[in-house]
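When the chains are written out, they are named A, B, C and D in that same order, and each has its own residue count from 1.
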Amino acid sequence: MTEWTLSRALNEALRHALRADGRVLVFGEDVGVSGGVFRVTDGLQAEFGDTRVFDTPISEAAIVGSAVGLAFAGWRPVIELQFDAFSYPAFEQIVDHVAKMRMRTRGRVDMPITIRIPSFGGIKGKEHHGESPETYYAHTAGLKVVVPSNPQDGYALLQHAIRDPDPVVVLEPKARYWTKGHVDLTADEREIGRGRVIRDGRDVTLVAYGSMVARITEAAAQLADAGIDARVVDLRSLSPLPDDLLRACAEQTGRIVVVHEAPRHAGFGAEIAARTMELAFDSLAAPIARVTGWDAPYPPASLEDGYLPSVDRIVAVTKETVAY
Amino acid sequence: MAEPHPQPPAHWSGSEPRQVVAPDGSLVGALPDDLDTTALRELYRWMVVARRLDRECIALQRQGELTVYPGHEGQEAAQVGSAWALGRDDFVWPTFRELPVALIRGVDAVQYLQYHRGTWHGGPYDPRATHFGPICIPIATQVAHAAGYALGRQLDASDDVTIAYFGDGATSEGDFHEAANLAGVRRLPLVLFCQNNGWAISVPTASQTAGEIWRRAEGYGFPGVRVDGNDVLAVYEVTREAVARARAGDGPTLIEALTYRIGAHSTADDAGRYRADPDVEAARAFDPIPRFRTWLVGAGHADDAFVAACDEEAETFALTVREGVVATPGPPAEWAFDWVYAEPPATFERMRDEALATERR
Amino acid sequence: MTEWTLSRALNEALRHALRADGRVLVFGEDVGVSGGVFRVTDGLQAEFGDTRVFDTPISEAAIVGSAVGLAFAGWRPVIELQFDAFSYPAFEQIVDHVAKMRMRTRGRVDMPITIRIPSFGGIKGKEHHGESPETYYAHTAGLKVVVPSNPQDGYALLQHAIRDPDPVVVLEPKARYWTKGHVDLTADEREIGRGRVIRDGRDVTLVAYGSMVARITEAAAQLADAGIDARVVDLRSLSPLPDDLLRACAEQTGRIVVVHEAPRHAGFGAEIAARTMELAFDSLAAPIARVTGWDAPYPPASLEDGYLPSVDRIVAVTKETVAY
Amino acid sequence: MAEPHPQPPAHWSGSEPRQVVAPDGSLVGALPDDLDTTALRELYRWMVVARRLDRECIALQRQGELTVYPGHEGQEAAQVGSAWALGRDDFVWPTFRELPVALIRGVDAVQYLQYHRGTWHGGPYDPRATHFGPICIPIATQVAHAAGYALGRQLDASDDVTIAYFGDGATSEGDFHEAANLAGVRRLPLVLFCQNNGWAISVPTASQTAGEIWRRAEGYGFPGVRVDGNDVLAVYEVTREAVARARAGDGPTLIEALTYRIGAHSTADDAGRYRADPDVEAARAFDPIPRFRTWLVGAGHADDAFVAACDEEAETFALTVREGVVATPGPPAEWAFDWVYAEPPATFERMRDEALATERR
């Protein structure tokens, strides 16, 4: 057991992967000598050299496109796209090629590509630095999409993503990079596709991923004072979706509140709601509620707090759902 | 053979391209020193075989045996000449128009044509075995794959060379630029081979870019060369030089091969809407095949018997391929799921079962 | 009343817009002399000249990016991105700029940009020519997204999209381009944001957009024979969502089946299901069902029929929903 | 003033840049013929004002009055010289580092800094009134907007010129390429102004591209020029020429201005992690301000009193801006919704009401 920040845990996961597999490459913008805007690649170039860990020109499409070619050449690319919105210039390469190439080659060529994207808001950042791109990637068949919310998951999920023979998009919540937590280096369950119940509860289930997990956890504590026993679920994997867990929560608590930062319209919360309804309609005692960012562009720093789901909003909506 | 038309296609104007055999079949440059008679005859044979197969594919499409098919008539020299300069382990990243290159790489034509038959995406041949990448439709995106593959071979300290094929229109895409720039920065063992055939569907090269494509190279810090793309020997020579540079670790080369798309963009395209037949007829005067035949026979490397034999072989081959194509059945329903993931998630497998059950219903 | 194909109706809508407003520009790849891959811009360059209607290099990001600049210069760009998947190279420009620019300028500069994208499958086309990109755009705040399913809607929606001061993505169902239908040139209700009930029914509501509207209509006919009275709704607008209509359908039929070509996971059907549940939970007698493309890349032509929701699948699922 | 260091920054090597005043302040080129003493003094004044404001902004950030702030120290000549060559109706498309250009365009500094204060995106100034586009962070994307704007003015038969600012790193993006190529094809009245400051955050220009940036132009069919970006007069001259060409309908020009980013990439960046202080010190020897002052005073266009007056004005201005910035309140909650749509859908308005109700709760 060690105490690490999420940034450090991800850094150690990369270090571990680079050590364990000589075919692993880490590249992107400023990941080399500078160690990455969020220090996630700190010290890796010094330790593994600039053939294993290197900077690229500012060319997102070529970063992802070259990862596809590197996979054909038997390498295992782990790439960083510097911020959520800066993954969009590579969208065509991700959707048309990374996600489909293995099928196109009839399984002759795997795409063991890991795409790390510092994502989501909450850091009072500039525009294009607070986007929630998860729905774009989760809706893209052929990709796997995971979101660690704490150092332990960061350490485990990133390693699993790198080892996975399929392309995995790892959305790292910027707002949690500097939050410390215990990391059990020996834990190595097959993580991708499994959610985690962080707090049990009978009255209602709060579901979230990334930074919002901390907020639903806090909300659950406040709800407890109000006599509401809320279960807290960290989804962790958006694709594949841990739908057995969602079914169980619906069956056991009958009420579900989904929380995410992205706009509500066609956001990932819709899939959680629709899927859960399909799986456990008769168990639902209230409509599945969504507490999300508003259907407007991510606002400037000064308006961020009003945009992101606050603990108050989560608590209020949960109370309505329980009272329904 | 047709007399060379005084006016070459508009997009050939500007800098003089490298040339070995002039349109009239006369020798105007130094012959590649490593091509013996057998090799020279091979170049001719492949061009004839590819041309004949192209006609067969168009017929197959008309008969409903293929979906949309993009022909390569007129571009045989650019493709055969460049492909001939590659080593067995060198890797090709094609667009959707490199059937001649595929043939030379040993890709089975029937398998290749499954792409256009609509039975598979990417092409069902093994890209690793053939060193010929999946057919790629999103314009210029394969250039980035090629750069990555070249980087991978470079990191493995191999001396394999990678070549990316693309068209004039592709040079307008951001992906071409990002990949070319990356190739320059890393001095990748990569040949960027542009077939400037004058058209991007209905858009002429002049509306695609105001510069000469080969000149882009200097901005990326590596050499560019312009070659007569209908002169198979010149194409072979410049590609051989580029491959040698790449193999020696001296980095990429951008080749602009001036050629002409004789046919429509594809069988779905009506070229009559945007270009005049006289221009196409004029371009035929620069047809790579009669030009090379004139020189080949004139120089005594081949005789009429050989020429006839090539036509005959092309005929037989085309018909064999036709039989193979017509005989291929559609894929089983499972194939829509079988290779999406190497490690299929449980949710995916449940949906696959649901889908296949529905199919059987 | 005239009889036009969808392609022709869209062509006439563009012609009308070019005539009515001298600031309207039509540009993209092969939209000029050739008249577009699907003939939607046929004859426009001849009539309006190549300053109003022109071809661009193959540069999707620059096509969209230049539309943003043209809007600043007071023009009203109507651009064509040749096929669904070929809108992805412009994804960054659409999401980061087209959708957000008006807000960024505090409303000083409108973005009256219309982005036409021939979309969806069903034409036995090559790969990247059968994609369903609607969720990517519908989830992007700041955009409006419409999908005409017939010539009348094509004629009306495209004109409204062009006149709209905000950016509108018009997803044109390729499979319907050559289908004829009556067009009332005088019809000019404010269309964007409103769905249409194509066939009334009491037992269940079938909801779709684009090519799938024809299939749910056919399914409704078959269901009628089986004694099931199905309402048929053409959504037409994905953003904004006609949610009053969805609520009414849920209240009046209690059962809803959503159909689309896109993969199910995080697809647009999820939003329809989640939103309808939020609005009319108590009226729902059965879980809202989704009949969609599978969560796999769009398959080759030979497998297309098994991938797209067939009338049989729609009928079968609807029967289950009604029997629930 | 500092003696010019023998070694200019690494990325200045290669082709000789245009120069008017050498680093030591001596005149080595022809003076722009349209700059009188008043104008020459203005150029100096703006550089000093901009430099001082930059320092103030960094201080404001440290004190929590601004969020991340990207400084421009060392790039004053490149920005002031080029901005001075623009006409009132010419339109500027900036990145996030063109505060000096903004000042010259008449953008209110307090309003401009709202972007970095985190109270608004894009910048709350009126881009149409100031002819200065919104601050743009996604690298190179504004070059496409600039091309479109230039096309719009061209279609209106106006003789306005558009200028796009971008960095060395931006030249690696597909958007830069697509926009530049489009500019060439349409002969747009566009000036592509690259400030090659040697760094893209931690990545040196040598790792960004293997070519010289100005040479990219030829591939697009228009001229490129390399200029000493720390020589305000040379920058003014080459930009004036480019603007004249554009205004005359002769199309775009790509300008590579060699400068140096003296400060960190932004206040969030620790440059010590990737570059050595001695290099930065060496670069200071090429500082544009003392260089120009030496010449200005030496040539009798200014005296110590004027120099002192500039410093004083800069001081007062910086403090006024500080007061203005510190005084600006955060935006009201409605602003998150007010301008998203010109015609807000009913569903959007319902959500806005829900949101504002929640806020008030």
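Assume contacts are C-beta pairs under 8 Å (C-beta built on N, C-alpha and C of every residue); 3 or more make two chains touch, one makes a residue touch a chain.
In this text, all values refer to a predicted model and were calculated from it rather than measured experimentally.
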With centres defined as the mean of C-alpha atoms, identify the chain lying farthest from chain A.
B
For the interfaces A-D and C-D, which has the higher count of C-beta pairs in contact?
C-D
What is the distance, in whole Å, between the centres of chain A and chain D, each centre taken as the mean of its C-alpha atoms?
36
Distance from chain B to chain A - Cα centre to Cα centre, in angstrom
41
Euclidean distance of C-alpha centroids - chain A vs chain C, Å
30
For chain B, write out the residues touching at least two other chains, lowest number first.
120-122, 138, 172-175, 178, 181, 185, 207-209, 340, 347-348
Among chain A residues, those touching two or more other chains are 57, 59, 61, 85, 89, 92, 96, 100, 103-104, 127-128, 141-142, 239, 241, 294-297
Complex contact set, residues of chain C against chain D:
25, 51, 56-57, 59, 61-62, 64-75, 77, 89, 92-93, 96-97, 100-110, 141-142, 144, 164-166, 192-193, 239-241, 243
What does chain B use to touch chain A in their complex?
91, 93, 120-124, 126-128, 133-134, 138, 141, 143-153, 155-156, 174-175, 178-179, 181-182, 185, 338-343, 345-348
Would you mind writing out the residues of chain B in touch with chain D in their complex?
171-178, 181, 184-185, 187, 207-213, 215-222, 251
Chain C to chain B touching residues, read off their complex:
29-30, 32-35, 37, 55, 57-61, 85-86, 89, 124-129, 264, 294-297, 299-303, 306-307, 312-313, 316
List of chain C residues in touch with chain A within their complex
61, 85, 88-89, 91-92, 95-96, 99-100, 103-104, 127-128, 135-136, 138-139, 141-142, 238-239, 241, 262-263, 265-271, 273-275, 277-278, 281, 284, 286-290, 294-297
